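Common to both upcoming complexes is subunit A, partnered first by subunit B, then by subunit C.
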Partner chain A sequence: MTTKTQAVGPSSDGPLLQMSNVVKRFGTVVALNGVDFSVDRGEVHGLLGGNGAGKTTLMNCLYGLYRPDSGSIVFEGKPLTIRAPRDAIRYGIGMVHQNFLQVDTYTVTENIVLGTQVSSFPRFDLRAARKKVMDLAERYGLNVDPDKRVADLPVGVRQRVEILKALYRDARLLILDEPTTNLTPQEVDALFDSLRAIVDAGTSIILITHKIRESMTVCDRLTVMRDGQRVETLVRRETTPRELANLMVGDQAVIERVAVAVGETEPESDTVEDKAPKEPSTTKSADAESASDDEASAATTDVEAAEEAGVEEKPADAEPASADETAADTDAEAQQDAPAGPIRLRVEGIDVPGDQGAVAVHGCDLTVVSGQVLGIAGVAGNGQVELAEALAGVRRPSAGRLSVNGVDLTGRPVRDWLAAGVTYVPEDRHRDGILTTATIADNLLLGSQRTSRFSRRGVVRWRAVRRTASELITRYSVRASGHSAVAGTLSGGNIQRVILARAFSREPDVLILHNPTRGLDIGSTQFVYDRIREVTASGAAVVLISEDLDELLYLADHIVVLYNGRVVGRVPRQQADRFQLGRLMAGAEAEGREDDRP
Partner chain B sequence: MNGVINFLELAIPGMVAFVLAAQGTMLGGRAGVFNVSQEGLMALGASVGFLVSYKLGGTFGTNMIGLAVAAAAAAAMGLILAYTTTILRLDQFVVGLALFFAGIGLASLLYRVVIGIVPQPPQIDTLDTIPIPLLSEIPLLGPTLFDQDIVVYFMFLLSGLLYWVLYRTNLGMKMRSVGENPRAADAAGISVTKVRFWATALGAALMGMGGAYLPMHFSGIYTDGIIAGRGWLAIALAFVGGWRPQYVLLGAAFFACMEITALELQSSTVIPVEFIETFPYVAALVVMAFIFRRTQVPAFLGRNYDRESRTAS
Partner chain C sequence: MTVREVASPTRPVTPPQTPETSVGKRPAWLETLGRWGAQAVPVVAAVAAALLVSALMIAAMGHDVVTAFDSLLTASFDTQFGFVATLHRWVPLTLFALAFTIPLIAGRYNIGSEGQMLVGAAAAAGVGISGSGLPAPVLLPLVLLAGILAGLVWAGIAAWLLDQFGVNEILSTVLLNFVSFGVVLYTAQHLWPDPVGGFPMTDHVAPAAQLPMLGSSPQFHSGVLLVLAVSILVILAIRYTVIGYELRSVGANPRAALIHGVSVRSVAIGALVVGGALAGLAGSIEVAGVQGRLLEGMQSNYLQLGIIIGLIARGSVVAVPLVAFGISVLEIGASAMQRSAEVPVQMVLIVEALILIFILIADILADRITRRRAARAAVVQKLKESSA
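And now, the complex of A and B:
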């Protein structure tokens, strides 16, 4: 496509980017402690690490969102001072943030051209820009409708908009921060194809991720970070997932636990959260004829990776249920055979309105008994948020009834729901889960402020609150300076730990979890799974709403599929087949989703 | 018919102070800076505009200079708001209130210092109407729209210009993005600070001008309290107009009509004056109650932007 360099590995001109000895402090917290990092021309460079390892912070320093306290940046052989994103863009660096930085009310084209030169005389004309956007979209397989408002677009498409934004500005280095977090397996597959096309056109890519398997699929080289330091830089072909996990976690005990718990469901010693290569490989076999060379080579690498990991090879068309059934043999079996306990949560024919007033969930019936995990599968935006909020008592259904432990709570205030033992872990952590300007102690107290433990005659017992907060911070390994740290200053993973600590410490009867492990690293994810097992063992009922099929197959006793606000399938876990579930999630095979690749 | 014309002839100049102050509020607000010092900046504008014009001779020409200096003085106050909120990141509301008090105090003080206490308040020329040839001959529209003073024409042109800039230029697109999502704007290479400085300063200048117009239109004399709550109503007007220049203009027409109605009622009924004077405010309240739910407010209105803050936007 272009004549730019296509070499993988060190090029004769030296590295494209060289960051040296970068230090960044937030107050007393050292986020980056002298990091060296370099990227070659024409490579996908994975930046791997757990929560709070400093991956995003390092890239924010490169993109000018943070000013490093010291360190130097050499890009294309020239030393740069990057004071603001404006500078980074001018030098040819683009970044796709995890929380997309888009103006919701603007169209796709407007978002992409925002901040660039567009002539306003004699009239403001975006047609040329729109044409360029469409050309780029076609060239790299990033399909978007340039005239749609971004607020109306699904996450996968919004991400393409962000990538196009960088390409529109002729970025020669593209940074992607956890790009697969919110994507369906098919979208991940499409994204990786696009990334290959972008790299082949001469742009280098930095892929921030905590998913080992994903990085093994697309990256040429990998840099592992831990605790604000670079641990190691490796060539992908010369490493194994297990080695990467070792470097990432750095704690042998945790690795063993992860391997024991996850090893059986997953051929690689990776988190259960990672589903990317499984589904993609099936899509590949489905349309093998149309598969490009890139796809073929990616698929091969996938198998190689599995072999290297020293685990049994799992061909693309293997019997899918078998692996999951072996997992069921472990510790979940006891629960399945146990007689059904008392009904904790009963949902009868509820309709739930969405934010715009239209009905988002239609006639939903659910029953969850003590000790069980009910999984709710579905592609994001099919009514999960509304259903979760209705189950938690936050959103009032327009029809139907909800009862907890036999008590009808339909339409009752949230206070009654809390008193009844219902606890909710929302999907949108920042918006619904935490008070960003309040301290950790305040956040942990939230919802329990009326209990006798923390209040006496309407006055909060702060000493008890602070003591409990400190205990929970230790127990849930929240990385913070103490209970008085402001929640908004924590990293995303640590915020989730605070929210989970609050939820689990309340010893709930009914626990509503919406994507509880999204964006968490291996150790944290396993920690959440352990807690879920713990509360179900003590008799709680759990509703787990997740877009991650592996997670559901690993934890749920029954799986319900939500499509377009309706329950379109119910399967006990033993009979669950991920491909059948996938078809249900996509609207019962018949209608393709618009955010799927054509 | 004549009654309607008379009424509108009064009501349209009555819009000026509202429109200028509310468009100023809108301008800053679209960039995310919520200025609440209108009342103070308008008082300062009224005082400064009057004094400059009076000292230079009190004619039409000096009135124009007075308007310009009033705008500059208010813009200086706007720059204080911009600096303290974007660079120092102080609370916009608190700084705005401080500027309100400062504006009121300075207005009064300047007048005392320059004029002192005199038995007969000094007077400047009020602005003459400038009929536009041909257009002013049109029945109904002619005398009401095209036989007005120069600032009335400016008000209409300004509203059109603001609409064009905001929605039909790249500059406007950038500016609106700063009020909607400054982090996205920043990441797209737009200087949030710069946009906020300009929008706040220009917005404040309009407020000062709106204040300066009052003595030049009504009586030719300045008195403390001449703004009479129009600044606060301008804030309400920005909301009623949904932070869009075209609707702000419409809303101002409504408020001006209420004001003139209140004035006319004062001379013709037995209802206490104090009660009638609350009309525009009560009307604002009622309108807000019905319209507010549907208005779109800039998402980052009143919120400062800190690039390095790790709190999600």
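And now, the complex of A and C:
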């Protein structure tokens, strides 16, 4: 405790928050199994763990969304019983969820004061509230316009509104649930600066995350959870990403490989050193690559910083220049890759309509050859879903052509796309991916029901289906009682394993993956990465649409950035760096590029 | 080794009685049996509870409960006549329940089986009357086919409206019922009216258009065997064919089915149309096997009973014929109950409704009990592990 770095207002009377022996069950599942958790005053405390580790459940118990079955909560020295979020807010605990609960048609100020006492006589007066919001925003660098309608704000700003909401209610403990999921690297940096300012002013923060890098950047202390239990609480200065990964997964064999992914862009040299000799031989080349990447990114970070400064000074010159640069990359890349293998997927100038009929993807050209992974980066909501569905044949483009293995499939039914070897792993697994009331075997059959492997003359070969299902359950370590278990009873991570098992077992020629590892723990994530490498090695082409830049930098041969429905940049992996991609994702170079267009 | 694994749902598994399926390994059919057992328990409990409440009501009305129940439950089995009447009631009820259940599996609601049956009956009567010169082996299949096709077209209208314009099929099928009443009147009063009939009815169909009778007196019509065959066919189709699988997948999650190459549109249309065809078949069997003609009001309350049966069977086509038989027993027992204990026939509707309500309650209770039991088992297991 003495090594705490940001020693603001040293705790005079014990920790700010002490949760003891918290137990929470959901039906058959024990989600929290006697968790002890404490937060000091004035610290950012990271709550780290894989999917299903129980971090969000623990915090929901603290915030009154769930009632723990047993255990105690002591906050500021007083034992509390929290029955509802209203209680938590009254005691000074605030929480920012992954999905914001905001009234779209209200202004920022109106949203913030909603549910608090505002003087409404002689007239409804928000002036004082507005002043307080602006003061808070300024003090913590949470820039928002208090008079803007929330519906008009981007995700990053809406998140600031949510944080301001908690601060407005004088929260002395702020819980953030995976706050960086939809943010660009720049926004993440700004958020972390604000968090630091908030903590310096005396409020403690609990940061729920599964990203090791982030927690190493901002947290003072870290608590790692696994399987509903607290594994360890560590001081950041005394730990390494490697140790954290180790604690999160608890499986040494997996860590060895995961370290590559996690530590890849980690600036601390000791992690690079200690992973190099221990790497298994199969990943040696990847390791070498990552090492050179480290150097490259270290070098380019400075360049980028300079460039960024330059952009601010004279944007008119700088932006078109960088746009040209990316265009040149594209040509070079196209020439380089021509002999790499047969073209699996060719997309020529497609426009894809969104759900409301407006065009969501404009003039998109892509080519993916056998054995390659094409990464598509971008902040959620920039046309990824529409593009993914168009690439999978689910959504019909309003213009342009799509062909698979040289066969034009534009406008053909999904069945033809499946027959051509296209397999799609959708982002929204409950809505698009799974038959919740059906068995695992039924789910694994979905999409293959008309193949000769699983049916003959219109009759399903259930024996083959069940046998294959049992094999896949074992191979993909789906935790279920068997192939006849109902899919809806599985946890989110296990449902995703079923979906991935189905996709990979089809031995696709073209695989469209949309956020395939979201919500998976490190071990499962690495397992998915291994499968992706396996299918590309056997000649498939993979389109990986992901919000996780680490994932793209680790897997993709080329990265395409999607902003506002347009491809705004194409970068080969070797030349990619996080900050350039971040700028593209934020649309910083899009305007200059659009001007070039007729 | 971990909490989650221990906590996997524990199903109540009943001891195996007869190996039902040769397909799959031992745990598969054992689990299937267990699931059936788990499904049967709440149904049995619900029926018992419904009968208990009905008994209280009958007693409160001042009737003899024992006599009433004795005739209600045994009328179908005491006499040959009662059993044949029960079978003849079972035929339309099974077809109506299937006409409701098959679209239900795909997530669609066919509330128009009444109309589909009536147009089927009208078409069957028309063919049966006008084809009087034809021999039975030609005419009878034509009569049955006419009913099937008419029901198919009638449901097809609703399916087409749904597919083309997104018209809710609940509305269109219900409204088409009213249109079908007009079709019945037109057929029975203008096309082939029976001038001596007291109310709207057609002439008799030709003897060659009637279903052969089977057994000794009283005889039952061969439509019973036909419906038995149809039921088995439907069960096999839904369980074992690709189309049946796609039907179930569309019902479970239409988006996921669509993304994985199932044509959700054709499945929805197909399910409604097949349901209509089965209701139409019910119409032609009523004409060719029971009434010998089309008459107003021949649809009785089959629509409502079909829906109740479908809901009690909870979408399981295996359960439909069984539940339909049980409801037929009650329906036939109702008038016997009125004769012997002077309990009004309407009481049987109350019994049927109570069964449905108690099944819904039992569902919720069973779910809670299994969950609580599983949670307790998980904790016990955990304690054992930590002490070991």
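The rule we apply is simple: the second predicted complex is superposed on the first by the 353 of 598 C-alpha atoms of A that agree within 3 Å, B and C clash if a C-alpha of one lies under 4 Å from a C-alpha of the other, contacts with A are read in each partner's own complex, and residues count from 1 in each chain.
Rule of thumb we're sticking to: a contact is a pair of C-beta atoms (placed from the backbone, for glycine too) under 8 Å apart; a residue touches a chain by one contact, two chains touch by 3 or more.
The structure presented is a predicted model; accordingly, all values stated were derived computationally and were not measured.
Q: Where does A:482 make contact in the superposed view: on subunit B (first), on subunit C (second), on both, or on neither?
A: The answer is second: A:482 touches subunit C but not subunit B.
Q: Is A:436 in contact with subunit B, with subunit C, with both, or with neither (first, second, both, neither)?
A: In the superposed model, A:436 contacts both subunit B and subunit C.
Q: For A:460, select first, second, both or neither according to whether it touches subunit B, subunit C, the two together, or no partner.
A: After superposition on chain A, A:460 lies in contact with subunit C alone.
Q: Does subunit A have more residues touched by subunit B or by subunit C?
A: In the superposed model, C touches more residues of subunit A.
Q: Examine A:89 and indicate which partner it touches, taking first as subunit B and second as subunit C; both and neither are also allowed.
A: First partner only, subunit B.
Q: In the overlay, answer first, second, both or neither for which of subunit B and subunit C A:582 touches.
A: Neither partner.
Q: Contact-wise, after the overlay, does A:450 reach subunit B, subunit C, both or neither (first, second, both, neither)?
A: A:450 sits against subunit C, while subunit B stays out of touch.
Q: Let me test your reading of the model: by the given contact rule, A:491 touches which partner, first (subunit B), second (subunit C), both or neither?
A: After superposition on chain A, A:491 lies in contact with both partners, subunit B and subunit C.
Q: Please identify the positions on subunit A that touch both subunit B and subunit C, taking each partner from its own complex.
A: Touching subunit B and subunit C on subunit A: residues 431, 436-437, 489, 491.
Q: List the residues on subunit A that touch subunit C in their complex, please.
A: So the residues of subunit A touching subunit C come out as 25, 27-30, 33, 52, 227-228, 389, 392, 394, 413-415, 417-418, 424, 426, 431-438, 442, 445-447, 449-450, 455, 458-460, 462-463, 466, 479-485, 489, 491.
Q: Quick check: in the complex, which residue numbers of subunit C touch subunit A?
A: Against subunit A, subunit C makes touches at 2-5, 7-11, 23-25, 27-28, 31-32, 240-246, 248-249, 252-253, 255-263, 371, 374-375, 377-379, 382.
Q: How about subunit B: which of its residues touch subunit A in the complex?
A: 168-171, 173-174, 176-177, 180-181, 183-191, 296, 299, 307-313
Q: Can you check the complex and tell me which residues of subunit A touch subunit B?
A: These residues of subunit A touch subunit B: 26, 63, 65-67, 84-86, 89-90, 95, 97, 99, 101-106, 110-111, 114-120, 123-124, 165, 430-431, 436-437, 488-491.
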